[in-house]
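Several structures are given next for inspection.
The following pair of complexes shares a single chain, chain A, combined with chain B in the former and chain C in the latter.
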Partner chain A sequence: MTSDRTLLGDRLLRSYVIFVIIVFYVPMLAVALASISRSRFFVFPIRRTSWKWYNDTFASLQIKEAALTSITIAFFVAILSVALALAGALAYARYDWKGKRVYQQLLLVPIFFPQSVLGLALQIWFSSIGVQMTWTATVFAHLVWIAPIVTLIIAIQAFGYDASIEEAAMDLGASRWQVFRDITLPLLGPGIFSGFLFAVLLSWGNFPLSYFTSGASVTIPEWLYGKMIGGYTPMVPAVGFLSVIAGAIVLIVGLTINNRLQRR
Partner chain B sequence: MASKTILELKQVDKFFGDKAAVERISLEIVEGEFFTIVGPSGSGKTTLIRMLVGMDTPSRGDILLRGERINDVPANKRPTCMVFQSLALFPHMTVGENVAYPLKCRGIEPGARKARAEECLTLAHLPMEYYDRPVTQCSGGERQRVALARALAFDPDILFFDEPLSALDYKLKKLLEKELKDIQRETGKTFIYITHSLEEAMVMSDRIGVMNEGRMVQIGAPREIYRRPNSRFVSEFMGEVNVLPVTAKGGKLHCQSLGTSFEVPPGAQETDGVLIIRPEDMRFVNGEPPVNGVLSGEIFNEYLLGSRVQYQVRAGGTTLLVEKQRDSAAPDPAARITFAPENSMLFAE
Partner chain C sequence: MTDTAETLPETMADASDGANQLRQIPAGVWCAAPIGLLLLAGFLAPLIMVVLFSFMPRGTFSPFGVPTLENYVDIFTQKFYISFGWSLFLALISTAILMVVSYPLAVAIRRAAPRRALVLTILIVAPLFVAENIRLQGWVLFLDKAGVLDGSVKALTGFEIGSLVTNVPAIVFGIVYVYLPFMLFPMIMGLANVPPDVKEAASDLGASRWQMFRDIELPLAAPGLLIGGLLCFVISLGAFSEAKFLGKGVVVTIAQDIESAFTFGQNWPRGSALSALVIILAGAAVYLAMRRLDLEKMLGRAS
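On to the complex of A and B.
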């Protein structure tokens, strides 16, 4: 009786999960299909397929430059946000100080801010303090949103082990630097790595913050947007799909490395 | 042997906010002794030891190591070291790397490091093949030994322990207690050990300090503390006892609830308070003229405690505990109980 019911429950749950996965991934499939349609406009069913748009994409200097801009931004955002987040997470997880509560709340707010508003606010702010709108301004804009998220990820790792481990190292004669190098960094390693990964992926896919702050520089999401509102060709879904694939590869490689790190 | 003071505490206080976790503790630890601090959970033992190893600073008072004030010397600049309650092993290192870590910090070259670490493993009764094993694969008892070996590798002047055995099963605990005592004798080091178990303290210590609510309430040899507890708290902390509220009346102590009067214990001042008698000091009366007041009650329960039997006796609304040797004759269920005045302790309330 109960086993019948659990069986039914299991089946329902499984169907639900499959349904959710379909709802999430079918649109991606649509993008993939759109990108291999030979015709300029998307009609379904596809009559003739072609790799033309992919060839065009790889040949396009404009897209190459946008990809390079996106990668450069993601790289700097990841490095800087990990550095900021490491310090922030340790301050939060390892020390007691006045205003820690307020710090926590202030830290979380940017995550929940509507990003277009945040982007606009940053644009106004940057121009009022005389910062040039280029990809460097975008790096800082991304940091405002991404560094708090990375801080959370690293803080969770820091709460995951007992602070007495660091005290014990110091008690055994380690200097502050030795404790950081030999104990803190290796133990936070998986968190730092996930944080880095998150930062790369979030920066790679971000549109609103880049849109408001990058000035003449163009990132991949900006290029997609630009083409979508004027001059659509199936290169748009082609680039979109490639961009998702690139993100997925980073994610899979990253998760594999992370699993190794965790298991050690 | 001339006893030399290695560590001295002078009126040490520690406040968290305006709450005192440690209050006016003065103490002298002698070189080479095994000193145990016992007290119930929350009595301030960890707070005290953290100041002694340099992870916290006293709010007031002084800590002197060989006569030098060390209040503000951080843990990594002190020649002392501690085995944590959580053990605090480095989970990402092997057993050998853990034990060799203090030597690495000191800049000792790898060859000498390994040799010394292996010595310490042996001292802590860990087989050599554990050297390259990850600590995460060690059992509870083995981790215990790794933590001990690591502390020994540091070669501290004083070795501190914060309840390291509390998570182990009884048999292993007993074994490690003995080994710890042996290692202390072998190395001649000063050990300062914290526990909430008086039994553990009794087995290992040269001297015991009993803590309650942040204060050191009694210091003495185990036997002295057992024989002459100086307060109701200490006597109750020693184990199960009978507590009889009494009022002083005409040279005797009257217990209202039981309607019986008792002699004042020899050497004690007649006063209102509580009379405390250990279960093993209670006797069943069979015929012979009693030397003290007699309590009548009814046995309603009995427990086997190893070689002794404990009887629970209901008398006048309270439960009394009486312990006898297991092989002695079974008592009458309608029991008459007494105790010798010299086996009772009187504390004013």
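On to the complex of A and C.
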């Protein structure tokens, strides 16, 4: 009888998981549907489909510029956050030092903070100290939130490896730099790569931090927000869906590479 | 932040004592320094600036005036506490719902074979990389009048549901949807603290499912639940787009009030006082979480 009940429980649980996953992707589906509807205002079922909104999107210089801004920001955020996080993760997991526990906890605080309020605080801070707000200010804002996350990702990898290999290399006369380059870096490789991937994608999808710090520069999520507030156009779902596809491609390529790295 | 404040003077003092002393600084401090400086300049300093501004007279743009409490008085006399109350209510109810919704998911992922658990994890993380406002717009297109849901039901049955947005439950739904991964992953880490053999032993001794859940699983998984709950509570305090798109203005949240004080209102001190309330609340929640948490154990086990 118990096994019957367990079986039923497992089935229920499985259906629940499938249901939640489907719900997770409903908005992406709705966006995709709205983007191919010809009419100015979305009405379902779609009467006439059209690629017009995609053609408009690809023809728009504004959107091209926003996409370039988003990509540039994501690139710099990823490079810088991995550099900061690599050192940060060694301090987090590898070395023992006074103040480590406090450091481990304080690093979480920016993640544990409402982003809209952080974005506004940064805006006030930048204007007060006279920093010109452009995309570089946004890179900085993204770093405050993303670098700690990447640090945690690399730290998880760093917890998992055997530090005695490093010590053995030191005993055999390897320099600090050699140990770092030939042992630490390859061992942390998969974590570094996942961290980089996370950083690119989180930056690409971020809205609140960009919105308050980018000044005249406009990222894709900001462009979408402006249109959503200023009046709906079917270019919103078209750009939105393209942005989803771009993120998905990066994720899939990234996961494939990651898979290879893990297997090595 | 106190940590960097603690270690930095040490670093400087050592530096002045010459290169020999420099080498005695532990490697950990060197490694923690860059990100510590980033957070000092990009997190602590802006928040201090906001708190300073909150004590300045209305409408000033310098943080070095004569301090006053008028902005805090304004919060109560000009009914800004209403938006604060809404944010608090939305955050609390969303967090409670998130705990219930995520728990079975966390159990399922914990039980699944490694390969399947990875696939499920990726499927749940992936939407985080899509801007929040795109996903919320997607829900509006799905739930609004003549949207995907209403349109399908009408075409199939002739019955009209009408619009399911522009109300408070829709906002709560939006928050639950957006922040689910933030509840789920700490929960999974928490469940990692429940050794399967303990459950087996309890089961052999005749414990019911409910007893096992209440007396074994829940207490052992509590740190994960706590951190997930506090994390969701704090970040949903800043809910902004959810109220704007799914609520379409039925309620104004604190983040919207803060934004309009800074932008249309051009009243930095007022926006700062409102932000300071959020900072205090977030700080209290984080303090509670940190006191109960052994990160090394949690992250070490997750690897």
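Assume the second predicted complex is superposed on the first by the 256 of 264 C-alpha atoms of A that agree within 3 Å, B and C clash if a C-alpha of one lies under 4 Å from a C-alpha of the other, contacts with A are read in each partner's own complex, and residues count from 1 in each chain.
Just so it is clear, a contact is a pair of C-beta atoms (placed from the backbone, for glycine too) under 8 Å apart; a residue touches a chain by one contact, two chains touch by 3 or more.
Note that the coordinates shown come from a computational prediction; the quantities given were computed from them, not determined experimentally.
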item	value
Partner chain(s) touched by A:242 [first = chain B, second = chain C, both, neither]	neither
Which of chain B and chain C A:79 touches, first, second, both or neither	neither
Chain A residues touched by each partner, larger count belonging to chain B or chain C	C
Chain B versus chain C as contact partner of A:131, first or second or both or neither	neither
Touched partner set for A:172, first chain B, second chain C, both or neither	first
Which superposed partner A:71 touches (first chain B, second chain C, both, neither)	neither
Partner chain(s) touched by A:162 [first = chain B, second = chain C, both, neither]	first
Partner chain(s) touched by A:183 [first = chain B, second = chain C, both, neither]	first
Touch list for chain B against partner chain A, complex	53-55, 74-76, 81-82, 84-86, 88-92, 101-102, 104-106, 150-151, 154
Residues of chain C that touch chain A when the two form their complex	1-4, 6-7, 26-36, 38-39, 42-43, 45-47, 49-50, 53, 63, 101, 104-105, 107-109, 120, 122-124, 126-139, 141-142, 146-148, 150-152, 155, 177, 180, 209, 230-231, 234-241, 244-245, 255, 258-259, 262, 268, 271-272, 275, 278-279, 282, 285-286, 289-290, 293, 295-296, 299-300, 302-303
Touching residues (chain side chain A, partner chain C) in the complex	9, 13-14, 16-17, 20-21, 23-31, 33-34, 42-45, 83-85, 87-88, 90-100, 102-118, 120-125, 128, 140-141, 143-144, 147-148, 151-152, 155-157, 159-160, 201-202, 204-208, 220-221, 224-225, 228-229, 236-237, 240, 243-244, 247-248, 251, 255
Contact set on chain A toward chain B in their complex	161-162, 164-165, 167-175, 178, 182-183, 186-187, 264
